[in-house]
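I'd like to ask you about the structure that follows.
Going in written order, the chains are labelled A, B and C, and every chain counts its residues from 1.
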Amino acid sequence: MFNRRPQGPPHHNEAIAQALSHLPVVEAPDAIWNSIEASLDRPQPAPASAPRWNLWLLAPATVLLIFIAAWSWNLLHRTRWQVVRTSNGAPTRTETVAAGDWLQTDASTRAEMRIGDIGTVEIEPNSRLRVIATSANNHRLSLDHGEISATISAPPKLFFVETKSATAVDLGCQYDMKVDEAGNGLLRVTRGWVSFEWQGRESLVPAGASCRTRAGSGPGTPFFDDAPQRLTAALDQFDFAAGNEAALNAILANARSRDTLTLWHLLSRVPAPLRTGVFDRMVSFAPLPSDVTREKALALDPQTLKIWKDELAWTW
Amino acid sequence: MPDREIDAIILESCRRGDREAFRTLYETHKDKVYSLCLYFFHGNEAEAADVTQEVFLKLHAGIAGFRGDAGFSTWLYRLVQNACLDASRRNAARARLNTSADAPVPSHEAHLINAAESAIVQNAVSSLPPKFRLPILLRYFEDLSYEEMSRALDCSMGTVASRLNRGHKMLAGLLAPLRKNAAKGGDDV
Amino acid sequence: MVTIPMKRLLTAIPFLLIVPALWAQGLSLTIGNSVAGQNFAMKSAAFVFRVNGCADLSKVQITATAEGIVGNARRSVPVNPIPSQPAGVWAIGAQWSAEGKWVVNIAATCQNETAGAIVPVSRWTFDRATTQLLTHAPTSAEVEAALKASRF
């Protein structure tokens, strides 16, 4: 009983919730961190009472910025994300966005968007995206075109970036995503890992790897950024140009032991008659784990593939 | 909103004195802490900033002893509660209702209707006695369960339920003008 | 032709059987990207490592330090490996500065066996190509050589 969320008296709750929606999350002023850091740098123990902040009254620009930031949140929706636009590195404007809002940058501006309290997204010039959802369990953007870099610190599957050809499901990480106006794009992961999904097709992209996506096809097969160019070219052919056995053979021929990331994904994407070639190439790099059998792997048994992936991940 | 599992790496790095990791922790939670303090102290930004700083300094000092057996957020809210109540006791006069002096001054923003409504809500929350104010704020910002709040507020779950109930009733009365406006079809979210 | 007395042969057989078994199950470390840890709470780890060949993981002892050169100063920082899931896997978070060159020196002991690794690292990742896996605790000379050769 006590693990449920408090409901409150029914006739009060709705009015209160509605009224409380007026109260925004207010951004803490930057100066607080400066004072914290100064306190930490001092040799004495942290003071029990904080220093007074009368100095703020002497900084009208700071006060104005605080009010503008605080009251900018006071728009239609309870949960709004702050956006700071910059030009040549200098902040030019602060605004907030809510679900349904579009955000666009031109050739000379960037923007940094705060994603609730789980991270930030940097938006490169000439980009356009829409905020889809800003709720606690669903932070969701749709990238129409352009480039973003996301740094997220949260449990998995709270942050999503949709494109016309795939959705990046954050599993805790840092990544860049670039998309053109047709919805073709490239996801590159620099920390953690990302699940790149579209209509049931999923690519797991760990740090140091990338994955292309094409409108109408969804995410391609992930590859490491240091993979041989012949491998990535053949992979492009295989994923998006109705690549045939020749393309697959080129992938297998140029694969290194680390490229079992690519091969593991290919195993379930190649036609059944070609699966043995992929399997054999994989085991040439790393022996099968004890609870993985050739038969089950070739039959694409989900549990078997998971066990194998978990073991292969040690080489990625 | 369930208590989020904090990155163990970040936490461990903080324990070892990694300033960058502590900054990450701070950036993750600062706005919620500041907002809680702001509405606790009638929109008084100076007081909210003081207490926010105090919370994070205490967090930094105590992080070595945080074992992670309770959720990190629970521990953080406990720090927020204690710091707010301590400051409130130190400034007893400021903790009482003061609609004119301490209410946030609306800026020259165009959304004056929303600004006025927010001021009403903010003052209503701030006018609650501290022991009702914090449960309401934690309920609003973090959607905690009774159990989570009891750990954060260091009281029994029955006490949490009782305080929420009384806080709701008091708030409903204070927010009556807002509901009337909404019923008339006024600007509403 | 050499003949072996039967008695001596029979005495040797158990030893001959055990030695290969010991050789096959020696203590070793495996180093991996944070994705190998399968634990999002460790996502920002510079790397994760696994102890192999230890019958009782509760008894394994691990020491780790980050050895670096920052400017012209030689630095050594104790590193605290964080246990992850499944058992036998630990994560190493960046507990060294962003400046300079660093390697992480790991030694794991299980019963009477020791294995080690020297892992060149940046703030958020490691260099797999130059990571050394050893059947002993890394020596000072090995660590210094790795530090000098680090590409980060």
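By definition in this document, contacts are C-beta pairs under 8 Å (C-beta built on N, C-alpha and C of every residue); 3 or more make two chains touch, one makes a residue touch a chain.
Being a predicted model, the structure only gives us computed values, none of them experimental.
Summarising the inter-chain contacts, the pair of chains with the most C-beta pairs in contact is A-B. When every chain is represented by the mean of its C-alpha atoms, the one lying closest to the mean of all protein C-alpha atoms is A.
Centroids built from CA atoms put chain C at 32 Å from chain A. Centre-to-centre spacing of chain A and chain B amounts to 29 Å, using the average Cα coordinate of each chain. Rounded to a whole number, the gap between the C-alpha centres of chain B and chain C is 46 angstrom. Those residues of chain A in touch with two or more other chains are numbered 153, 155, 172.
Counting partners per residue, chain C has 43-44 as the residues that reach two or more other chains. Residue numbers of chain B whose C-beta contacts span two or more other chains: 5, 7, 10.
Of all the residues in chain B, the ones that touch chain C in their complex are 5-10, 12-13, 15-16, 18, 20-21.
Across the complex, chain B meets chain A through its residues 1, 4-5, 7, 10, 19, 23-24, 26, 28-35, 38-39, 45-46, 49-54, 56-58, 60-61, 90, 104-107, 109, 111, 114-115, 117-118, 121-122, 124-125, 139-141, 143-147, 149-150, 157, 160-161, 164-165, 168-169, 171-172, 175, 178-179, 182, 188-189. Against chain B, in their complex, chain C makes its touches with residues 41-45, 80, 82, 91, 93-95, 98.
Chain C contributes residues 30-36, 38, 40, 43-44, 50, 124-125, 128 to its touches with chain A in the complex. For chain A in complex with chain B, the touching residues are 2-6, 8-9, 11-13, 15-16, 18-29, 31-33, 35-37, 39-40, 45-54, 56, 63-64, 66-68, 70-72, 74-78, 117-118, 136-137, 153-155, 172.
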